[in-house]
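Chains here go by letter, A, B, C, D and E, matching the order in which they are written, and residues are numbered from 1 within each.
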Amino acid sequence: MDNALFDLLDYAVYGTAILVMLIGIYGALAKKSLLKIVIGLSVSDSGLNMLIVAIGYLKGGTAPIFSPGYLDGTNKLMVDPVPQALVLTAIVIGFGVTAVALALVIRLYRHHGTLNIDEIKNLKW
Amino acid sequence: MVGTPVLFIAIPLLAAFLIPLLGMIWKELVRIVPGLVLIYLLILAVNLLDHVMVHGPIIEIIAGWAPPIGINLVFSAFSGFLVTIMIFLGLLIWLYSYRFKKNVGYEPAKKYFLLLMMLITGSVGIVLTGDIFNMFVFIEITGISAYGLTAFYTGRDSAEASFKYLMLGSIASTFLLLAIMIIYSQLGTLNMADIANRIHTMNPTYKIISLIFFITALGIEAEIFPLNGWAPDAYSEAPGPVGAAFAGIVVKASVYAIIRYIFTIFDVDGAFNFLIIIGMLTLIIAEMAAIRQEKLKRMLAYSSIGQMGLVLVAFGFGTEEGVYAALFLMLNHAIIKSLLFFSGSYLVYNSKDKLIAEMNGLGKKLPITSFLFALGAFAIIGLPPFAGFWSKLSVLTAAADKNMIFIMSLILFVSLIELVYYLRVVNRLYNSKEKASSIEVKKPTANALITMLVLGGLILLIGFYPDVVTGVLHKASAALMDKSQYIHNVLSINQ
Amino acid sequence: MATLYLIFIIFLGGAILTYYAGKLGSVLQDIIFLATILGATSLFYAGVHINDFMSFNPGGITLTWGINYFGWLFSLIVLGLGSLAAVYSVGYMKGKKRRGYFYFNFILSIMAMLGILVSQDLISFFIFWEIMTWSSYLMVIYNGKDDQKLGLKYFIFSAIGAYAMLMAIVMVHSVTNTFLIGNMIEAYPQMSLSWQIWIPILFLTAFGVKAAMMPLHVWAPGAYSSSPMAYTSVFSGALSKMGIYGMVIILVTMISHLPQGIWFRETLAWLGGLTAALGTLWAIKQDDAKKLLAYSSIAQLGYIITGVAIGTELGLLAGLFLAVMHALFKGTLFMVVGAIEKQTGTTNFTEVTGLIRKMPWTFFSALLAIIALAGIPPLGGFVGKWMLYEALITSNHYLLVILIFFASTAAFLYCYKFLFGFFMGQEEKEWEHVKEAPATMVVPMVLMALFMAVLGSWPGIILNPINNGLVDLGFVSTYKHLWDTSILFNSWGNQVVLKPLLYSVVAIFVFFAIVLIWKGFKGTRYVSTKDISSSGEVPGENENLTFSLGFAQPFLRAVGPVMKRQIDRYYTEFADGLESFFEFLRRIYTGNGQTYAIYVFVFVVIVLLFKDVLF
Amino acid sequence: MIYFILILFLMILMIAAAIYSVYQKDLMYATIGTGIVSLALSILFYLLQAPDVALTEAAIGAALTTIIFVIAIRNTIRYEGDD
Amino acid sequence: MKKILIILLLAGLGFYIATTYTGIGFGEPHFKHGVKDTYLKQTVQSLHVANTVTAIVVNFRGFDTLGEVTVLFLAVTALGSILYKKRHEVGVRSVLFSSSSIVTAGSKLLFPAIILLGAYVFIHGHLTPGGGFQGGVIIATGFLLMLLAYRNYSVSHIILSIVESIAGITFAGIGLLGLIYGETFLQNFLPVGVLNNVFSGGIIPIIYIAVGFKVAAELTGVIYTILHEKGESNG
């Protein structure tokens, strides 16, 4: 029972991650509001992070932390710590980029009085 | 040896963290310190390059863990050459912008120089690193500095340009992470040499998909054709010297990254032809767009995009001559396009609406600047005896050796377009039928003038005596081509 | 052989010194300028030995410099005309602005032309070719009033040529792996047929542009007329000959090995003929002396191309002899126009008349040059023309002969217009104060005129070097053979025998000339130009009644249809079309960041879809 | 079983919140939507044996990012215009 | 129309990503010779650190982390540059909600606890989940709370900047000391101590504490800067 469900999860985790990512990108591509675009990018980042962590997951693995008493039962399976470390970095970087993006949005609003991206195109051709 | 490659990253970072403190002591220090750092790095780079030419590449490991466990930096003839160019150019940009606008206050100046220094450091990091995720981090460092610098002027267009750049940059990092994770999930390593060593064990479909994602992500930064929407805006709205930094430093780093992936890491042969195709597309469309521009900086931006396309084409030949030609082009592009951006900034500065049409007769008002602009224009077109000629010749030779006559004729046709729009500007500068303009002439500052003269001198030097660089270029291209040597060098380090 | 280095260093150093010497004093500037040109020239003839080559390797490319007989022949044109024009320039530039600029580019042009001649490899050939191009471009925009974008047009056409040449050079390189001209010639017969055809076409495009050949000539009238006259004499006289120089090399050393070469020859010859005919017609129409001479240059270059393209030894001899002659008379004529411009301030036929008394020496040189140009005996031009007809007839190009003959006959019209427009006719009050040009300007003109006269009687002075040069190119000399069959060589080539018939033609001509001149000075009555009336109306004060106005109208009407559409306009339409296409294309960059982001995804998905094809 | 339902619930919540935050015209609510995405994600991280990442995502994604979005919305406009 | 195009594009992209990742498989070991086994082994053996993620972030791939704090640092700088106004133009702080006295009092009460929690998290970063980033963010949220609760609460820019700089210099400086005392940049040159002690792991806790301070200062700076940007449209 459990195993069958976990088999389903195999696809569901990746599927969710990719779906969230694509939804976010859709928001960034289809919505006109600059804030919506930033929100979309941020959502797609979340999906991407989930995807990365999911890659490192091992069935039956534990968190890669050697708490006291853990070392006795060595060779217990641990999940891959590397994607976690990478995601840690990616989340922080993503936050930095989001902050800069929001600052730009605020400034664009200050100059243009609108957040509609179709109206913010002084630079073209 | 005066130091190790890690200092290229560590020293600027240390300085960057120090600058806010130093600024509290003496405000001028925020302008001076980046320059001192860059001077030190230039000395370091030249020394290391000299060493590398004789003794082979320096592989530096970080945190005491030999690759593939730890991160490593590779200072080979190829990467070292690019690093040296970048830092040299960075130094000139610093010198040029030292007093670019006198009325800039302390806070903006601090931020400007900090971001500029980190822009250079990030690009240098991209080139030096031997780890794909570390490259991602450096790309982000470069990216954020670039967004900040693009929006540096408080006008409304600069924020717009910066936002476009940021949007595409975010998409780029999404793709980059996806690609990195595909590689990691298959091979369990992030080290370039280790990946290159084992890439043949990877499922070919995944390999190609991850390569496509890499090319897309890096192509956004490297201004490949359908991905380069941000570039003209960012170039034209950023301060003049920053435009030079984008053209001369940032884009070079991204092109380097693409090349590293295609030449060293992946073993997909079709990628070379793909490079030629996208390079040609970039070249042709950018130059066609450039000819219709009304603003000088935007024109330079498109021209710069086009040049990068040409560089990719040259790399795409996949032969050592091709790499040599591409490196030569990159070198020349760094020098010449910077000169054009530098002198062009003053030309723009002296015309009210930044339009080319307003530059009639500036040749008389700003004789040296205009002369240098004309020199740069002649050089970038590839007229002998200036520097650009040798690189154009080597690109064409490489193309002819691969029997790509059609590509050759396209390149020449595009050069013709390039020639037309550059000469239109030069013609205007020296057209004495000037309009009555009441604007006071803003002469370049002494340091800006020195910078431009140095670049002009280099153009002539390389033009008349190409031997000053060809030796290094040959070594650098040989270093890139020898993939197995790279893998061996990196993986045989034991600590 | 270090002399060559020294010569180029003198040129370069002289150019820079001259440029900056202007700050110290104009006389010093003149002296340095003249010393550079004359010094380098004398050093060249004193210190450089023919067929003595040297090599060096910048950037890993072997370059070879040295001069052979053929190059030496052209060096006579370049340095000879260059030195005389330099002397002339000193007078011409007196009191003008931007002298440093002028001198700098003048010296660089001469250097570049000499460089082309001493280059034995394609790279230095190309480098000097381009230096020549941009230094002459800078001369074209010298006046700074480039409203019609003449300079740009010149440069673009030159660049088309240069890039074609560059393409051919790298194609050659991919076969031979060197850039030496000698290796190219050796390897040519082994190349694949398509390359054997393409490489000469590309080279000939480049040379055709500089030689102002028919479809590529549109830059020439503007460029010739808008650069300073002192330079135009070199520009038209020597610089265009570089195209001829290249053409001869290609035709003789490469195309002659090609079975299909006959097509090249025929096409070129016909293009030359058309150039001559149409150039002449356009020249007749011009009211400005500069433009007239510019079109006339195009026409004359057409003759030369035809001669060279026929490819027989006689044709080559004729073409090259005409090339030398053209350098002499067109150099002189541009100098004449320059002198008139300097003295009167205009070069329009409808304004200036009757200068014969004011500027007798200028008139004298103009007269001799015009005689040479028109191909009237006994000056050198006649020899060249005669040889050309002979060559055409012996190679059975009868239609071409007719065309050329028509062109040279029509040329009389503009010759006459030039001579009469400026020098004859009424002397107007407006030009009373006009004086003869200064000695530095007159002496070069007169010297050249005299040399033309000498060549008329002793063409061997030039024909011998030409023959040497052709032998140098690998041509098997059949001089002896021609000597026997050609009437011309019997009579003129051995420099002593003048046949009675020709002798009497000369005598009659001289007699008439003396009579005419005598009449011109003594027997005319001064009549004001306004002293006429037509249909009872007295012409008003502002009515222009100069002789040249509406000159040869009936003739022009007759040939009008031919001239209705200028090739120029096709180029313009083509360029406009391209530009509007570019304008359309750049709208890809819509300015909307979101659209750019969508492009990214379009790119990714397309590449992913076609990944099996692409990778 | 509970574990499974929890994961499934979180994933559905995440997708729903993502769609909500993209489609909601009131940006304030859309921001709350991203906050929910992050929150669900951080619990998922924990379940995927990544406590470090979970902590970070909760602090940065759910708290800080949401807050700066709210501030940004306060400084600009709250409703997405018609598109 | 455009939306359909976008959906089609994303569907195509999603298809390829999905096939790739489902092919990779979930929860199974994907590769044989990866570096993760070395990491897991060496974390305990040579570094005496319990939390492998911390070991990777700070030591094995410490260079990334250096870059990462730089990214945050740059984000603050860029933010300041983008929203720069001349001094007399400094905006009024935007007020998100008017806080009642309960909120203000509660915030005051909570603030030290939050700071303490943050400090705990980054000090124990090498032992338990958490570390410099998490702890730093927690501290920053503490400041955020105060900023929101008190209209007049202000954080000194200069102190933030000094903390940030000193923390950054510590990080980079320790790296350089590693170059001097060891052989490579960021190399551990301190005794590694006993596993699962607070004083273990050599330079790792020091770096993580520095990172904690740095992140806290930077994020506070970000919030403070954005909060003081009262947007007014003038275009």
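Just a few scattered comments:
By our rule, a residue touches a chain if its C-beta (ideal position, glycine included) is under 8 Å from a C-beta of that chain, and two chains touch if they have at least 3 such contacts.
Owing to the predicted nature of the structure, the values given are computational and were not obtained by experimental measurement.
Touch-path distance (fewest steps) from subunit C to subunit E is 1. Identification of common neighbours of subunit A and subunit B yields C, E. Chain B has the Cα centre that lies closest to the mean of all protein Cα atoms in view. Averaging Cα atoms per chain gives one point for each, and the point farthest from that of subunit B is the centre of C.
Relative to subunit E, the most remote chain by averaged C-alpha coordinates is C. Subunit C has its Cα centroid 44 Å from the Cα centroid of subunit B. Mean C-alpha positions place subunit B and subunit E at a centre distance of 30 Å.
If each chain is reduced to the centroid of its CA atoms, subunit D and subunit E end up 19 Å from each other. Computed centre separation for the pair subunit A/subunit D is 10 angstrom, with centres defined by C-alpha atoms. Shown for subunit C are the residues that touch two or more other chains, namely 586, 589, 591, 593-594, 597-598, 601-602, 604, 608. Shown for subunit E are the residues that touch two or more other chains, namely 2, 6, 10, 13, 16-17, 21, 24, 30, 34-36, 39, 51, 53, 61, 64, 68, 71, 74-75, 78-79, 82, 129, 133, 219, 222, 226, 229, 231, 235. Looking at subunit A, residues 6, 9, 13, 19, 25-26, 28-29, 32, 37, 51, 54-55, 57, 63-65, 82, 84, 88-89, 92-93, 95-97, 99-100, 102, 104-107, 109, 111-112, 114, 120-123, 125 sit in touch with two or more other chains.
Contact between chains, using the touch rule, shows up for A-B, A-C, A-D, A-E, B-C, B-E, C-E, D-E. Residues 58-60, 123, 126-127, 130-131, 133-134, 141, 143-147, 149, 151-152, 155-156, 159-160, 163-164, 166-167, 170-171, 173-174, 579, 581-583, 585-586, 588-589, 591, 593-597, 599-600, 602-604, 607-608, 611, 614-615 of subunit C are the ones touching subunit B in the complex. Within the complex, the subunit C residues that touch subunit E are 598, 601-602, 604-605, 608-609. Subunit A makes touch with subunit B in their complex at residues 21, 25, 28, 34, 37, 41, 44-45, 48, 51-52, 55, 82-83, 86, 89-90, 93, 96-97, 100-101, 104-105, 107-108, 111-112, 120-123, 125.
For subunit A in complex with subunit E, the residues that touch the partner chain are 6, 9-11, 13-15, 18-19, 22, 25-26, 29-30, 51, 54-55, 57-59, 63-68, 71, 78, 80-82, 84-85, 88-89, 92-93, 95-97, 99-100, 102-104, 106-107, 109-114. On the subunit E side of its complex with subunit D, the touching residues are 51, 53-54, 94, 96, 121, 129-131, 133-134, 137-138, 140-141, 144, 219, 222-223, 226-227, 229-231.
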